[in-house]
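Okay, so chain A shows up in both of these, paired with chain B first and chain C after.
== the complex of A and B ==
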């Protein structure tokens, strides 16, 4: 078979795998994205002793291979099956998709926490003071001043993290999740045609390209106040006399 | 004639950073319509004192009363923390570096306090913000971001932002020190107009002209204490202390 015939024959499976890859990546990144802001705040503000467990978690997640983390959850949960059954958690861990999602979410949470911590530390202190001076409550200052800046600063790095996570999600195929890689291996074992791996690579490439495009759109929106287009810089304009 | 009511009262404010005692017991009372200029060489504690008034800096000890609401501080702990946000919302504050929220337009900066802190309806807040920006001469800059405005324009937006909260008094922390010389005038002019309409203002400044001509009272800080205090004319023509005399001869 030539490469095109492979595609024509097997595209539904590849598409199915693509959806699975997207589902894993998006859900994993989203869960991490929901948890990481509070963890990042702890990293910035909490006393060193209070955040020791968090630092340990982050070091572990960043310092060990994601494949090892996946195996730890997938095979490790099997070891504790009786206990997990007792707690009613076995139905969750029995499904390889859940194990993969948990591994990716845990891993990405660690990275996103550190990225966001950097963003929070980059927020201009004076703008926080201005918000305090006007009588804003702490939660409001976070929502109206700190996080808008922190996300703008962290945005490119967060995008990178999502792309890395998307590629790492191919590891899920090792624990029998049928993502792009899983489907590809399945097709290869039937056809022994190497070209299917090229199609898989192309799928990953397309996902990344589309993602980068979207992310850049969002970045432009987030930082529109820095290089607002089409408007002249103030310094280029003569000062208009105040009427006050 | 009735005595003008007291807007803000600071009693025996002490502040230490570690072992360094920056403020050694400063008391100050601002009555309605007062314009108080705080002078002093760098390191005299004038900015720190101003920042203690709205608790951007927590005093080590002392008492601050704004419109009857008082906060007593002992051992660096304010006794009624809940009132801090309330007191802050009653005091406007201007900064040396303007500190506009750079991700919001001029108009959004001015609307932020009324909408987010006072929970005013957006439409009302917008109308008033537009009027205030017009008042500081920026009606054609309303939709620009701070990065598109000059320093003087940014400080005028900051003034509008403070006014939008309808504060009982406004604190100015060297509002013209970061400005290019040619932009100082536009900000001083707005400040002058605020004084003329009877706003209560406490101004930390190096602008001797402003202190002398606009303020109703001058306070001179030296090494964390009030060294001299009085009406500007008297103080500038007949300084009572040697330190103040030296100070005015240096800045002239």
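== the complex of A and C ==
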């Protein structure tokens, strides 16, 4: 079969896989995105002893292959089946999708925490002092001063992390989740037609390209006050190192 | 309790260690291949010749956007098909051969490493001080001498942190080859799990081994960076 015939015959499967890939990536990134701000605050402000478990967690997540983490959760949970059944959690761990999502969310949380920590530490002390001086409460300072600025600093790195997560989501196919990679392997095992891999590559590249564009749009929105007319450009980006 | 990890027939210690040896071999063989591809990609994207520049840019962009496991399957199945096609064209009655998963792993991981390394090296090249090249030319050094004596030693200093990260990523990515049936650490762990029915214990052990390798790499890389930066005044 020529490449086009493969596409015509199997596009519904590939589309189905694409939706699964998007679902895994977006949910994983969102869950990690909800948890990481508070963990990042701990990493910045808590006493060193209180940070120790968090550091260990981040180091473990960054120092081990995601595939191994996925197997540890998906196959590893089987070792505790009686206990998990007792707690009513076994139905959760039996499903490969849930395990993949959990693994990706745990992994991405570690990376996002570190990225956000960098962002928070990049917020100039003067801004926080100014907020204190006009009498803002601590939660308000975090909400109105620290996090908006921290996210603006961390935004490009967070985008990279989401792309890495999207690429990692292809590993879910190994535990029989039918994402793009899973569908592709299924189609290949049936047709032995190599071109299906090229279509899969195209799908991944399109997802990445679309995401990069969207993320840049969001970045422009996050920093719209900087590009507002009348603002001096030179002082607008104090965090880019000047090329002297 | 620790009998299952022991060396010999009763335990899985020796099997796991053998898998670890394959993993380490794979990573060590991939490194020079990946660096070579990285240098080629960097030179291509810095070239004055436009089509070559486009090729370098295209390669690094596409390769970095694809999941590593997809690259691995493309290489494993694609080269395997190509190999058999060539073989049949050469000798029509030859039996089909299997493409070595180790070689497929080296090529695929090397291609991924090379794409990222190309960007790291390009960045390092561009941060070199142009005045030094001009100075070299002024005292009559050849291009080759300028590259070997001025650019390359400093390239190392700028590229080392980035390449170190890539090494650690590649070390972790070697786990993927277990999917194409290479008997690495991950796959031997799977074999042990199949027999002992203790998945959590053994996958945790595998994780701890990878973790130890990564932490060790970080320590060594920090030393190498320290050494590469000797004689540089801190701003």
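Assume the second predicted complex is superposed on the first by the 226 of 244 C-alpha atoms of A that agree within 3 Å, B and C clash if a C-alpha of one lies under 4 Å from a C-alpha of the other, contacts with A are read in each partner's own complex, and residues count from 1 in each chain.
One rule holds in what follows: contacts are C-beta pairs under 8 Å (C-beta built on N, C-alpha and C of every residue); 3 or more make two chains touch, one makes a residue touch a chain.
Given the structure is predicted, the values throughout are model-derived calculations rather than measurements.
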**Request:** Please work out whether A:152 is in contact with chain B alone, chain C alone, both, or neither, and reply first, second, both or neither.
**Result:** first
**Request:** Classify the contacts of A:132 with the two partner chains as first (chain B alone), second (chain C alone), both, or neither.
**Result:** first
**Message:** Looking at A:188, would you say it contacts chain B, chain C, both, or neither? Reply first, second, both or neither.
**Reply:** second
**Prompt:** For A:215, is the partner it touches chain B (first), chain C (second), both, or none of the two (neither)?
**Reply:** neither
**Request:** For A:144, decide between first (touching chain B), second (touching chain C), both and neither.
**Result:** first
**Asked** Touching A:71, do we find chain B (first), chain C (second), both, or neither?
**Response** second
**Contacts of A:168 with chain B and chain C, given as first, second, both or neither** = second
**Prompt:** Touching A:225, do we find chain B (first), chain C (second), both, or neither?
**Reply:** first
**Fill in**
Contacts of chain A common to chain B and chain C in the A-superposed view none
**Prompt:** What residues on chain A touch chain B, complex-wise?
**Reply:** 124, 126-127, 129-137, 140, 144-145, 148-149, 152, 224-226, 228, 231-235, 239-244
**Fill in**
Within their complex, chain C touches chain A through residues 62, 65-70, 73-74, 77-78, 81, 168, 172-176, 178-179, 186, 189-190, 193, 197-201, 203-204, 206-207, 210-211, 214-215
**Message:** Touching residues of chain B toward chain A in the complex: what are they?
**Reply:** 54, 56, 85-93, 95, 97-105, 112-113, 116-117, 135-137, 140-141, 144-150, 152-153, 156, 158, 161-162, 165, 182-183, 186, 189-190, 193
**Item:** Complex contact set, residues of chain A against chain C
**Value:** 59-60, 62-69, 71-72, 75-80, 163, 166-171, 173-174, 181, 184-185, 188, 192, 194, 197-198, 200-201, 204-205, 208-209
